[in-house]
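Dropping the structure in here first, questions after.
Chain naming follows the written order as A, B and C, and within any one chain the residues start at number 1.
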Amino acid sequence: MITVAKTHKMFIGGAFVRSESGRTFNVTLAAKSVAKGTPRSRASSAPGAALLAPRTAASAPSATLSVQLGRASGKDLRNAVEAAEKGFGAWQKCSPFLRSQILYRWAEMVEGKREEFSHLIESAILDRHASSSKVQRARDVSAEIRNEVGAEFERGLASLIYFAGFCDKFGQIVGSLNPVSGPFHNVTFPESVGVVAYVGLAGGPPGQPGKSNRSSRNTQATRTTQSTRTTQSTQTTRSGKIHKLSKSGEPSGKLGGSGVGFGELLCDLAAILASGSAVVALIPGARGIFVNTLGEALATSDLPDGAVNLLTGEVEEILPTMASHRRVQALSLPNRGGVLTPGSILVEAKKSAVGNMKRVVGGHRGEESMEHLMEYSEFKTVWHPSAI
Amino acid sequence: MGVKIRLTNGVLETIPHHPIDSVGVSERAASFTKRSLKKGSKLEALKTMVAMMDLTTLEGADTPERVRQLCGRARQPLPAHLDELVGGVPPVAAVCVYPALVPVAVEFLAETSVQVASVSTAFPSSQVSGELKLLDVQQAVSWGATEIDMVISRNAFLRGDYQTVYDEIVKVKEACGTGAHLKVILETGELGTLDQVYRASKLAILAGADFIKTSTGKVQPGATLPVTLVMLQSIFDHFQQSGQRIGMKPAGGVRTAKEAIAYLCMVYEVLGVEWLTPTLFRFGASRLLNDVLRQILRQVTGSYYNEEVFGSE
Amino acid sequence: MNRVETGKSTSKGSEGPSVWKGEFAPSMESSSTVKIRPRYGHYIAGGWVAPKAGRYFKTLNPATEEVLCEVAEGSEADVGSAVQAADRAYKDVWSKMSGAERGGYLFRMARLLQERAREFAVLETLDGGKPIKESRDFDLPSACNHLFYYAGWADKLEYAFGKRESRAWGVAGQIIPWNFPLLMAAWKIAPALACGNCVVLKPAETTPLTALLFAEIVEASGLPPGVVNIVTGAGPTGAALVRHPGVKKIAFTGSTEIGKLIAQNSAEFDKRLTLELGGKSAHIIFEDAPIDQAVEGVVQGIFFNQGHVCCAGSRLFVEESISTLFVEKLKRRMETLRVGPPLDKNTDLGAINSKEQLTKIQGLIQRGKEEGALYFETSCKLPDRGYFLRPALFERVSPSATIQREEIFGPVLTVSTFRTPEEAIQKANDTQYGLAAGVWSDKGAKLFEVSRRLKAGVVWANTYNKFDPCSPFGGYFESGWGREGGLHGLYPYREVL
């Protein structure tokens, strides 16, 4: 029985679409050749896995996943922003409590796709291991990978539930009745920032596997700087800007872990939604493999169309358009510590964002915290006389 | 803010500000959707709805033949064998058409109890001269319309010229004479707030409306339960003050029997049993009839019928 | 006096007056999905246990006076077992669990209750007498929402207490009333569990069944045994729970009379108390109010749930200049209220909860008449058995009249007038209670200022009887201590260190 391979599409306005440009790029995640009874053979028989190369010599890496992802164009981004505006309107019409329920429903749907997501996560992890120069014994790899996959998935799921429970609460924590001097009733409350453009990590260096979110909120997890074969194999070699994005500086690693980025992605999307905002997210490079399945979970969550839009493709191409788009109110960039390199793509984006004074955020990515949610909020204060 | 109107008898009348809370209105309106009509009560209500219907066609593409078929429907909503099955369905209250089609309707509804209602005053926009609006009415009346559905000038209303709105209605009422009753369409979807709807209702009633009607059906939103509730309340307040009963017609937006039941319950509870008659309450509808007929058949036979057997026009 | 004369004659059929005259055939909700056992024990440590003293008492359907089943009478020993189970569960399991996990159980309970909402609504109506329309559309959704809401707080407590460390009390004893049985159970259990406590719940003696059915939800959610325990019984059972030394925290909703007793009896112990007690809430209507909506608000305020509401707007204060008009509209609206079998979907007012309560209300009505107030009740037909009352109001009520000072807890409204805002405020605050108040006006500044001056824990402006899991609820003075709902609803359930 021949398997029916999934066609990976982007998720815009509640629909699954190809890039209007028709372009695609290939993501092939390779695994180290391992002995029988290990994750690889499990993976290759799991549903949804598209087998590419037949098993050949033991020393050559075999493919566990090979897909074509859409390469988003500026027009796709434009369409996505339009969809996000509509989605924002509809998302705002939902009460905070209803948003809680919908996010929880999304968690239910994600849980229902545990097997599929685990397979994708596993492929990414295996690929990372394959590119790592460390030699590991087969038996160790198998158990370790299983744990990593589980931890990464659980991390993402837990974030959804965390933020689901925040929609109708943070307003009480940060809102206030202000005791002004004078006969006035004066209240402050948070409002959603609007349409958020989000740039995912292209594929980061691996952090410490199995680290929980909770402790990572208080400590800075350090990431080992390693070359990222994953990145290099999926993105065109340009002038090195891409490398700078992922390699230099220290991403805060708030969500320590496999660097697969699944958990962090769910966390970040959930925080944006919980604030009441809508999002256009670029999930670049190899991480784009999560997009279609994530879209499916979103599409069955009662989330209004356009509240979340997921694009795949290249940061280089899409970020400039995102940064200059006047209908985007906030721009979430991968968190970077330290001084940025002048002329780098991130610096250019920040400058461009100044055009309509976008809120440039990202310092709390991967965090289960109110501070993360609040990056996507604005405060409004209302006065009214109080007198007979 | 109160509104001052010079009445036809020269008296300067003030329509006081009447605050309305829209959240409270929505809540009360929603409560009527929870009323549950079953069995005999339901069948009675459904047949009542048919008797209260103004079967409407207001399209640029209307032709005499189209109207003739609609009139056939109006006189006999169900084909004979189905009509017998359900113990008889009354004819509708009226057929509502553009002035040019009035002669056709009059011809095909002669010797029946179905009234001929004509829209007028440059329906739906009313954006022509006062003289032209009046001529429109006069022609419709002369051709035999027994009901005139006019539109208020939203142009005048929204710029605050309530006197003009009043004067126009008075003139139209005069032109109706004794042969036709006057429904005044407020076009609630353009008025902006429920306070404005109440104000427009009072103004229309003051000027001589026999019926106040929500919408032309050409603008969304048309009739809704909250808007209708406010208009019914204005009718009740007028009755309290004067003893006069004014009619009400929600139009454009009542599509299903279920919705229509909520309207009937609302009329009953807000105004009383006296208003449960076509002389005081109408549904302006086209699609509603089929759904009501389907519900009637279901009540009597237990089955859901498809519309193809109704002989729709 | 219809001035429409259409010129056409009728020649075919009967165009005459319509057929429907406003009748509603009975539209009964089926009770077949509800399975009531003939007898219930207590729910302790995740299982059903017979009462140690072997005694049971009956619970009735107040609409039919029929016995529904028997439930266990909780003795001091039963209460002791339950507290022990809660304490064990707290020390061994619950105190060691992360907030996220606690929240996870609450999320599950909320979803499971949503699944069986209709069943619970029917049972609530059978056991307590409230209309199915209310239990279906208000009690059940609100209970589910409350559980769901507090689930989300369990892992976010660090935001609720500033920089302070806090910890759960341990075992919370919770005693709930008969007017919103399941909803009150949710209001108590949800924050307690979210904050890390274990619970012993004592439902009201006339309405134990939905709490007992809730034990099935608890089980289905996989909640560790002993985290939630349910002990049924009457006053003495509650007293035993309050007295028990293993219970650090008591939460009680009920009458001021019993609340005071509890407070007195706890005086020598270091018990934390939250009390949601009675009320005699003022409902103020200014002449610039949206009148028709205000009438509706007053009706909802006193006749919703047959007036069995602690925050019922039971004292109407209407500005004198519009009082005649207002009361006329009010009476007219009251006449459209349908009193009938609670399971009938068209019923607006169901049964009075018990014979005892019925007698109490009737006694107060009699008192009102004797003290010179003018009584009015609607003309609706009442069912021929069961405990039913017609919606009623008193005019010409003096400020010192019994009916003006004492909580009636039934569908009876007192009507008074005022001339100025100051007078309205003064009269509204003239009570030992302070639970809620309503104020209606089209003028914003007046609303804010009057709201500020009214001594009540909840003020509803241009609305009434609105509840939300995130909106704190509770009273001043003799209406009790503490708040339920929202961020503030967490405070009673954690000890700040």
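Points to keep in mind about this one:
Keep in mind that, in the parts below, a contact is a pair of C-beta atoms (placed from the backbone, for glycine too) under 8 Å apart; a residue touches a chain by one contact, two chains touch by 3 or more.
Computed from a predicted model, the values in this text were never measured in an experiment.
With chains as nodes and touching pairs as edges, the resulting graph is an open line. This structure's chain pair with the greatest number of C-beta contacts is B-C. As a whole-number value, the distance joining the C-alpha centres of chain A and chain B reads 54 Å. Mean C-alpha positions place chain A and chain C at a centre distance of 44 Å.
Looking at chain C, one finds that none of its residues touch two or more other chains. Multi-chain contact residues of chain B (touching two or more other chains) are absent.
By the touch rule above, chain A contacts chain C in their complex via residues 96-97, 100-101, 104, 158, 161-162, 164-170, 172-173, 183, 185, 368, 370, 384-388. On the chain C side of its complex with chain A, the touching residues are 100, 103-104, 107, 145, 148-149, 151-156, 159-160, 421-422, 444-446, 448-450, 452, 468-470, 486-487.
Looking at the complex, you find that chain C touches chain B at residues 1-15, 17-27, 133, 137, 288-294, 296-297, 336, 345-346, 442, 462-463. Residues of chain B that touch chain C in their complex: 17-21, 23-25, 27-28, 34-42, 44-45, 47-48, 51-52, 75, 88, 90-91, 93, 111-113, 115, 146-147, 178-181, 210-211, 233, 243-245, 247, 264, 268-269, 273, 276-280.
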